[in-house]
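See the structures that follow.
Okay, so chain A shows up in both of these, paired with chain B first and chain C after.
Right after this comes the complex of A and B.
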């Protein structure tokens, strides 16, 4: 049965993203070290960190409730689900029936909901400040993200991510369409903000907020939270890739094209991570008050993209 | 006729509950039991007749003819009426179970009267949505308004309650007057007050538009559409919490019922700009409602502003449906109306739950202000869990019910945007973006509401000594928790019913809304969703991190040690925790144009002196622009005109005789022309 096969592909995607997220982080750390003229750690260092943390005991603030301790598991589960919905290896969405782009957007909101609540639940000031910033960023980014996604959905007539990917890859949406190209720029900015890397490292701001909502996590909780954040970076990039650069994804479910699709997908991720590492090295973190410039810029660009669609229609 | 008999029994039960509660007013102890139990059984009877009608589609008519000559009391129930009754009864059942213990709060303060008004209030709501005659509709509408007015200003010792009641009464009556005008316009052409004749009223386009605008503004005042919302955040928090739940959960929905009845059923949504007006009014109410909610410190006030937001979201769906009806797009019409109706009952469940949750907090702490709470999640864990479910549902997070109805709203707007009408594409797309923005703000707002009230550490003595509420209150809340889960995860099975209700209002065939576990908006290629699969997958996928932790970390590792949060080396104090104001601070600054915050700092400012002497006094208010720039000038203008007109009334009998003569001459002239 086709659905059964697709479900397996979904599991494969989820496993791939969960397993490679720490590796990609390791590579990005290595690249940054090289740019600092350091030798840097092994590219597998992030795995070692996570495994070490899993074995440590947890120190939990006494006022924290069950919400604080269960959030890491919930976050990883939601991210795995997202990894199954967003088409990465394939062009069609493995779990396209389960959710479309609106569902993806709101599942990402679900992540933020628990992430921020865990910060508030710890009772720590730093964690709460991070929570507040996380929510603020979401509020500021949401209009731009939906505007771009809507423009793409209007171009294809469907909100199914798989159909969008397929149409972009097969050239049914021309790459020269200004609505597409300008939307790409807007969504790229949004993706950069969503990955939470420099210069948008606001919620977890390592230097001033001690990693925001992660402040009070330790041991296995911290390991899972870190894993969740790493997975989230990959998934945000995967979403961008699915919408704008789906080329090379497997068009059918034959073994050969699946393997080829996996290789291409990993290649794209690698390029993104190296690029982001360059950016991270070159810039300083945005001040919290300045971030509106970028978010409104992104929204402005997305609006232009929509206007191009509207004029052409 | 079984349905009709159940209907009569249910209304009689409300009446009996009201009467008995009033009579028992002297023996205060039992009044709340009698009132609540009567309401519970009345609600169950209501559901017993409403469910088959909603499911089967066969309504009934009860001809309870004339007590007075000009109008007949006719009960005419169709699917829409039955659906509204179901929503009202569901929430009433939950609140009446909750009230059994909750009303203990009001011992010695007239519980009997409270029970009386509660039953009258609910009974009149049911009659409003089932009456088939304009005269009696207005009569029950007024009864509903008055009963709720007395409930709002029930706590007479509080000045806010009196003020809130007054503002509510005035705006509600302006609304009623407008609705009356709208009905009179239609009735003037049909010569009857019977709703059945209203549908074929031979109205000219101009009169139709006038009737629509009057009805929309009139019902809009009750629904709390911005800028007619100012009574809502005052009145809903002032009432006892079980009543707030009913007011926010279902009373304002009767206004949505009115809008659908008049604009779609009677007037046939004939112009496409009507839909646009409803859509835009909804979008503005949604965005501004949630933005105002974000800066509130009072939990119930915050929830009241969210009602403004959710009414907006419901109107987005209704507006899209009206657009479809006017543009001859039956699929869009049914889909939009269906999304609106789905959100209507969803909002009744989660807003009811949240108000009951806020009531439970109030019951144990007696503190409205979130800043004084905190840490209740450990002390009232079951209430906290219920509130969390409500918060997730109202933030439209999958797989809960709020997401399902918003998803259908998104898709009806998306379908509208695809129609090819340039203006509609523009409007629908803008509204989609506004809905997404509303969603993001709602998530932030409820992270704040839950986080500041239930999470973190207790910030006051009341919060520290709080304990779990009595079991009947928990039961009341969990009725709604189960309803939320059923409407969310059971959506693929329930969606076709909503489609059929919407279709029956529009006289169109129902659109396919789901098949098997998968929901889709009429066309499956436009998008699909499956909340049960999301729920199952999430539960299934949680096992993966659990396995990882158990296999790698082992059972022994990861023992929990309690240690105070990091406070830069100082001793942690609960005063270091984040408050509601600090959480919303970034947005207050970014959107200062909307909040127009009035901030004052007294005392030494940024100088070295500030470290050694004096207290710094900081004060910040979010100014209500609507009140300052719309209502205050309006009130002032009315007062000024009043004073001017007063000059006519000089107290001289000769002058009055002159007026009479002038008027007589005027009439004579008019008659002879």
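Right after this comes the complex of A and C.
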């Protein structure tokens, strides 16, 4: 396998996800405006917002430490790494050596860790409340995700994302397999919670907590944090697509199949975002206490998926 | 043999719909999910009928369509409308534990199915295990829910489970048996929903755990 070329593809993927994340957000804003019978802003509005924030001066709370100022960079760096690891336009993981389910899981936990730590570090009460919610969400959501990933890894006999994607896309694991089908539903619920879109907009909760851990950020730091949150949404959806719906990804590294894979990947993202926008406008936010029901539902379904793997063969 | 994975995945859908019936707090939603589940059951019957060329199953699916998908939900919705009870009382155990129990039940059902490997039904192992798990789920719904209508739905789930078992293991029993079972179920539902309505008239709620006040 040509590692050099794969590495280039990985960088391409990271750039693609970073550059399209604000565009997708702009599209979902436009869809929301249309549903409110407004004309809405340009779909490039999120880029304008981010550029404007980048030019503004950054203020730092007096009691904050170095963590507060470095967290935005750390988050964006981890997310770029994740974007390189997860096979989105290809079927094989561009960083084959670390393209592992558990690496992805721990990197996502690391994002959570820094995100909530920055909120605590800023010393604002709103930020602290957002941080504690973020950690609570992690505690509730991770068992279900780990369970589904474990089942998938056992089904394919490998924890490498690329191998899983390839096997699913080639039909070695059929969509009709009970464990796979139920796992898909459980992971879909987990994905919905992880994106932090409206019914599960708990840690940032604009109207209630004034964007939670982001409360004290301004200027460049805020721009990077916002970019990180937008990228996280794309990456969570990309992970779901890579594990469960990798059909149409590029099987080899020829230019034609790479372009085709990119187009299909963007199409899938667009479908997901439009669906999420519809859901976002149809529902109200959950209270944090009610989220336990959704997460336990997801965990229960993932457990049933595991049982199906264990006993049905 | 192409229908085998279809039967298995449809039976998985059966488990998911029955979980929704058990876990949704709104009675109307539960009734609709029960109707949807009956449609899944009917599609399993049709698939089996095409696969094993069992003429009987066509008749089964027609009768099941009339009774399970339309008649039983209709009776339930009528009771819900006349009494005006929208939500059930909080169940005895929480959703988390309920789902864990469901997973354990599926496991137990698979273990129970193992001894059947001598018969030809083993190729429908998943479907057979699901039908058993379904029966257990219905039992679980009847035991842990306090609302009379929810207990009635649990009974219907048990009935669906036993129906699937029958369709897989003995699809060539005489028509009379099948008709007998279905009328049994419909009259059972009718009588129980009447009792639930009486309960509501007497106490103003459908909480079956208050029945102890009826003595004397």
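Here is the rule we go by: the second predicted complex is superposed on the first by the 310 of 313 C-alpha atoms of A that agree within 3 Å, B and C clash if a C-alpha of one lies under 4 Å from a C-alpha of the other, contacts with A are read in each partner's own complex, and residues count from 1 in each chain.
By our rule, contacts are C-beta pairs under 8 Å (C-beta built on N, C-alpha and C of every residue); 3 or more make two chains touch, one makes a residue touch a chain.
In this text, all values refer to a predicted model and were calculated from it rather than measured experimentally.
Visitor: Superposed on chain A, are chain B and chain C clashing or fitting side by side?
Guide: Partners fit side by side after overlay.
Visitor: Mind working out whether A:76 is in touch with chain B, chain C, both or neither, as first, second, both or neither?
Guide: Only chain B is touched by A:76; chain C is not.
Visitor: A:276 in the overlay: touching chain B, chain C, both, or neither? Say first, second, both or neither.
Guide: Neither chain B nor chain C is touched by A:276.
Visitor: Which angle, in steps of 10°, is spanned at chain A by chain B and chain C when each chain is reduced to its C-alpha centre?
Guide: Superposed on A, the angle at chain A reads 90 degrees.
Visitor: Applying the touch criterion given at the start, work out whether A:9 contacts chain B, chain C, both or neither, answering first, second, both or neither.
Guide: neither
Visitor: Between chain B and chain C, whom does A:103 touch in the aligned arrangement: first, second, both, or neither?
Guide: After superposing on A, A:103 lies in contact with chain B but is clear of chain C.
Visitor: Using the superposition on chain A described above, determine whether A:126 touches chain B (first), chain C (second), both, or neither.
Guide: first
Visitor: Which partner, once the models are overlaid, touches more of chain A's residues, chain C or chain B?
Guide: Partner touching more chain A residues in the overlay: B.
Visitor: With both complexes overlaid on chain A, does A:56 touch chain B (first), chain C (second), both or neither?
Guide: The answer is first: A:56 touches chain B but not chain C.
Visitor: Of the two partner chains, chain B (first) and chain C (second), which one does A:310 touch, if any: first, second, both, or neither?
Guide: both
Visitor: Would you check which partner chain A:301 touches, where first means chain B only, second means chain C only, and both and neither mean what they say?
Guide: Touch partner of A:301: chain C, not chain B.
Visitor: Smallest separation in Å between any Cα of chain B and any Cα of chain C in the superposed model?
Guide: 11
Visitor: What residues on chain A does chain C touch that chain B touches too?
Guide: The overlap between the chain B and chain C interfaces on chain A comprises residues 292, 306, 310.
Visitor: Can you list the chain A residues touching chain C in their complex?
Guide: My answer: residues 174, 176-178, 181-182, 185, 292-293, 296-297, 299-301, 303-304, 306-308, 310-312.
Visitor: Looking at the complex, which residues from chain B come into contact with chain A?
Guide: It comes out as residues 375, 377-378, 381, 384, 388, 392, 395-398, 403, 406-407, 410-411, 414, 417-418, 420, 422, 425-426, 429, 432-433, 436-437, 439-441, 443-444, 446-448, 450-452, 454-458, 518, 525-530, 533-534, 537-539, 541-542, 544-546, 548-549, 552-554, 557-567, 572, 574, 576-578, 582-587, 589-590.
Visitor: Chain A touches which residues of chain C in the complex?
Guide: 5-6, 8-9, 11-12, 15-16, 19, 23, 94-96, 98-100, 102-103, 106-107, 110-111, 125-126, 129
Visitor: Looking at the complex, which residues from chain A come into contact with chain B?
Guide: Going through chain A, the ones touching chain B are 14, 18, 51, 54-63, 65-67, 69, 72-74, 76-78, 80-81, 84, 95-103, 105-107, 109-110, 112-113, 116-117, 120-129, 131-133, 135-136, 138-143, 145-147, 150, 153-154, 157-160, 163, 210, 215-216, 219-220, 223-224, 227, 288-289, 292, 306, 310, 313.
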